[in-house]
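In structure tokens below, several structures.
Heads up, the next two complexes both have chain A, just with different partners, chain B and then chain C.
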Partner chain A sequence: MKKVHVTICAGTACYVLGGAELLGAIDSWIAKWGEQVEFEGTPCLGFCKSAGEAKAPYVLVNGLVVEHTTAEKLEEMVNSALLGTEEEASSADAAARPGNAITRKDGGYASGR
Partner chain B sequence: MIESENKPMHADFFVEIGHWQVAKYGETSEGDVFISRKTEDGRIIAVLSDGLGSGIKAGVLAALTATIATGCSAARIPIKRTARIIMRSLPVCSERKISYATFTLVDIDTSNRIKVVEYDNPAYMLVRQGVEVEPLRSMVSVTKGGGRIAGHPKPATLRSSRFKAEFGDRVIFFSDGVTQAGMGSRNLPLGWGLEGVRRFVSQMIAENAEISARDLARRIVTWALLLDGDQAKDDITCAVVYFRAARRLAVFTGPPLHPAHDNELARLFVSSPGRTIIAGGTTATIIGRELGRKITMDLKHRDPELPPVASMEGADLVTEGILTLSKTADYLEQGAAPEELRQNAATAALRLMLDSDIIEFFVGTKINEAHQDPNMPVELDIRRNVVKRLAHLLEGKYLKQTTIRYI
Partner chain C sequence: MPREDNTTRIRRELLVRLGRLALEGTLADSIDDVPFDMTAEGWETMRCCVHHDRAILRLRSYALLGGDVRGMDDVRKPLSVLAEGFQNSRCQDGAELGESGRFPLQVLGEACNACAKSRYVVTDACQACVARPCKVNCPKGAVTVNGRSHIDPDKCVNCGLCEKSCPFHAIVKVPVPCEEVCPTGAISKGEDGIARIDEAKCILCGKCLRACPFGAPIEQTQYLEAASWLREQARPLIALVAPATMAQFPVSSGKFMAGLYRLGFAAVAEVAEAACATAEREAAELRERMHRSEGFLATSCCPSWVLASKALGDVAGHVLHTPSPMAIAAKWARKRYPEARIVFIGPCLAKRAEARGFPGEDGRKLVDAVLSAEEIGALFTAKDIQLQALEEARAVQLAEQGSSLDLCYGRGFAQSGGVAASVQSVLENENSRIEVGSSWTIRTLVIQGLSKQVLALAALWNKQAPDADLVEVMACEGGCIGGPLAIAQAKSAAVFLQRYMSEPPPEAKVASSSEAVEKAV
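Right after this comes the complex of A and B.
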């Protein structure tokens, strides 16, 4: 089974603008999705410095950037990704789903600058 | 911090002062007071005073005594006169018709010469190379001025001693709550006693030759409390002065103003001789990227107020920046002990700072515009101000040596 990988930015701006709530909800999500979804924190994804109109908090769902993330939005993205995993949908399809996702070529950590 | 200019081989010779205290069971405030400060001419003065009785009334007597003794010693007022000033200043207890507070005063000059003046506290201990040595004491008799001391129980006899500290020396002093701990119990009918404390201190130092002043004071008080059945029968206070090799801590916070200096930041990080904290997500990302080191974050231990800690090879602690450092400064201001707080990134930083003597801040000055967003639900202080506040508290309240370098 392919897993959905969620990376939550724990930098200052993200944490203050809603990241704290996302981090606080992890236990309930683990209870809900079990081992299908893996959560990871990162000191800074770096998007707040160069995102223009986009807003913190930022989260990566399978490498796709989600901005202005709320718990509802994250659940929606993860559910889409879980569906996509089941259907083995391509990442291009995933990018077209709702949720203001921005595709990133490199996935993983941003440079921070 | 004492850096003896005429002893370059002891450039890192550091005077660490730590204390620990518990109030008498059932009292909301301590009747013992410990004060330490650094004078303008670089001397360090520490005073432990035990006020008559317990609670607020004792605390007032002890606070007055400790404050006057510290102030007079800082102003180089002779000890006889200092003692008279204290005697005349203390309010007389309405029940007992006496005014009384003991004290132990330790005055350390910049050449590590120590003067200790004791009044009615248990005798202090001097431990040199792990062995207790007996300092020569001279007696000084003081009356309130002229004849009989109205309100004071008897002419005061002070004990004065002077010596030059050597590397590794420890001066340990405490209130009688330590020596009388366990008194009346089957095992220790006369209490722990000076001999018992001596054996305990020897054992602690034998187990850990570099035990910090703060840790030794904490262990002595905790053991005394245990002997009292976890309900202190008196205020229990211990202070330790330790002449040790300086423990260094470098705190890296904030990205450099120019990205061209990112590699310089990483170079400073790897060349730091002591322990290191990286406080800032971007800062950690830059150092990790420059050194090719992975940063991992532990999501198992989350705190409702602060972002979780992360880890990276070579760093003793990796945290978020502004929120965590501001919280650490709050803890320092409150005089909080990290052991007694909910464990989070700021208590981890606090512990590292308290367990260090020389703290260097490397502060990147690039401002994150996202932090200036007026929609921020909390006001984020500017990094420079947070660091200045930390350095001010560490220097003034904890007698640490700090430097701030902007990048």
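Right after this comes the complex of A and C.
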């Protein structure tokens, strides 16, 4: 089974406009989804420059851009991504499954850079 | 603690948009567009229709411009006209300093839902059971069962016994969110159902600001004024950063301060320095007053608690007189930078009242403006400042002489228990210096989060003193890091504060870097 990869923008604009809540909720999501979902905080993804901060906070779910992200919206996106990956996994080679423990890179969250 | 939802989101987005205009100096040109820009394509209509949403956004902008949301005398004027007047009367150099003088918290009546009176309601889950504990337990005979349980609102006294006794949890309380959280009963519905704030009772804890799902309580702030100062740079601006503010962003304090310099502040100082002085003075006052057997003493740095204590009879007399870290830092800053404008930055609403309630010795206000952590975050966003990308900057030191207390204690003031720990540490330092036998210790009690119940308990201290010498009280849960105008979630803020507390103080940074230079040479 493939993992779902969630990248939360911790750039200042996203953080102020709702990202703080998403970063604060990571622990509860790890408890909920375990190793199926991998979270990563990242310094500015740059979307606020191109699309404007009105649609912040931005999050990437498996590389797909989510705008105006709320905890609820993110959970929906992850759930549907999980369903998608289960379908894929059943048809794909199960041996290719990565066995890594959950990694939570803190980029921008703890180290500041 | 911040509650992330649409009201928070809308408030912050409006701050960002208006902040950007104020920083660019285009407030008067573009402010009337903002309610339309914000509700452009992609906007999810919140109220009856998009026009109502825009009207409320317009009123929020009006309030940010200093308009009086109670009288709304000049509400018919376009915002651009008000913005021009605002620029002329309040932002230009030489103009009279300071805000409208209005109470820092108001209710925007137009935004208030006029929620129905708090009451108990029987839901569809009612099974009209044989036991009927709701009917049996009701002391007023307000419950009748006819196919289903019914509560007669005229007889009901809101005791809640029916709710507690129902085995199906079929009876629920439908509260009025603002009244429910207000610890002093200061906010209540008028005849028209619209909430009003009794300014004599309000302690500015900001709980209603967070609780109202319609965003009706609003602040009276100096946000746009300060943004205009930052743009004009007519006089140097000094930022006094509360330790709780340092714990609001996912970056080091050095990067956060670099952001403030980038915004246009000439100097940034840590209020934590002054907190060390507060702890030392508190310890001295405690020693003196305990000597006079004045009984228990309570901390004085939380302005909400100081306001609340005034309604608790004799308890008020037990509050220490030591000035808060903000007051001490402001005094130092005024002395060192007499020409400058002093801006305090914290996640606290009540500091706005403290800032104006205790004028300095020279008759000037304690500080020229109080900005919230949320407002500073909005200004960073408005100026496209990416904190992560900045080089670490350092704070200036305001204290003329060093403190005996490690700076990490001052930084710890932001957290529940931090003030008591600092005072204890001062006493321990003193004890280690004096001869054995004359050393003394104190018992402390730590209280966080003022609620109706906690204040009721504190009122009992008049009859029975608490079992402590020093009572630390903070109005917000978790302490100042959980302030009503914070950005970080409580858990994150606690982590950020730990990191900030472990960062070396400014002078140590110099030492270590010069050592590194020496090693490199």
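Descriptive notes on the structure:
Note that the second predicted complex is superposed on the first by the 85 of 113 C-alpha atoms of A that agree within 3 Å, B and C clash if a C-alpha of one lies under 4 Å from a C-alpha of the other, contacts with A are read in each partner's own complex, and residues count from 1 in each chain.
Assume a contact is a pair of C-beta atoms (placed from the backbone, for glycine too) under 8 Å apart; a residue touches a chain by one contact, two chains touch by 3 or more.
What you are looking at is a predicted structure, and each value in this text was computed from that prediction instead of being measured.
Of the two partner chains placed around the shared chain by superposition, chain C is the only one that A:Ala54 touches, whereas chain B remains out of contact. In the superposition on chain A, contact of A:Glu40 is made with chain B only, not with chain C.
Looking at the shared chain after the overlay, A:Leu23 reaches both chain B and chain C. When both complexes are overlaid on chain A, the residue A:Thr12 reaches chain B and chain C alike. Within chain A, the residues touching chain B in one complex and chain C in the other are 10-13, 15-17, 20, 23-24, 41, 43-44, 48-49, 109-110, 112-113. For chain C in complex with chain A, the residues that touch the partner chain are 2, 4, 9, 12-13, 16, 38, 42, 249-252, 255, 259, 374, 377-378, 380-381, 384-389, 487-492, 495, 499. Residues of chain A that touch chain B in their complex: 9-13, 15-17, 19-20, 23-24, 26, 39-44, 46, 48-49, 56, 109-113.
The touching residues of chain B, when paired with chain A in their complex, are 255, 259, 262, 280-282, 284-286, 289, 295, 297-299, 302, 304, 307-308, 310, 318, 320-323, 368-371, 373, 375-378, 380.
On chain A, the positions that touch chain C within their shared complex are 10-13, 15-18, 20-21, 23-25, 27, 41, 43-44, 48-49, 53-55, 68, 70-71, 108-110, 112-113.
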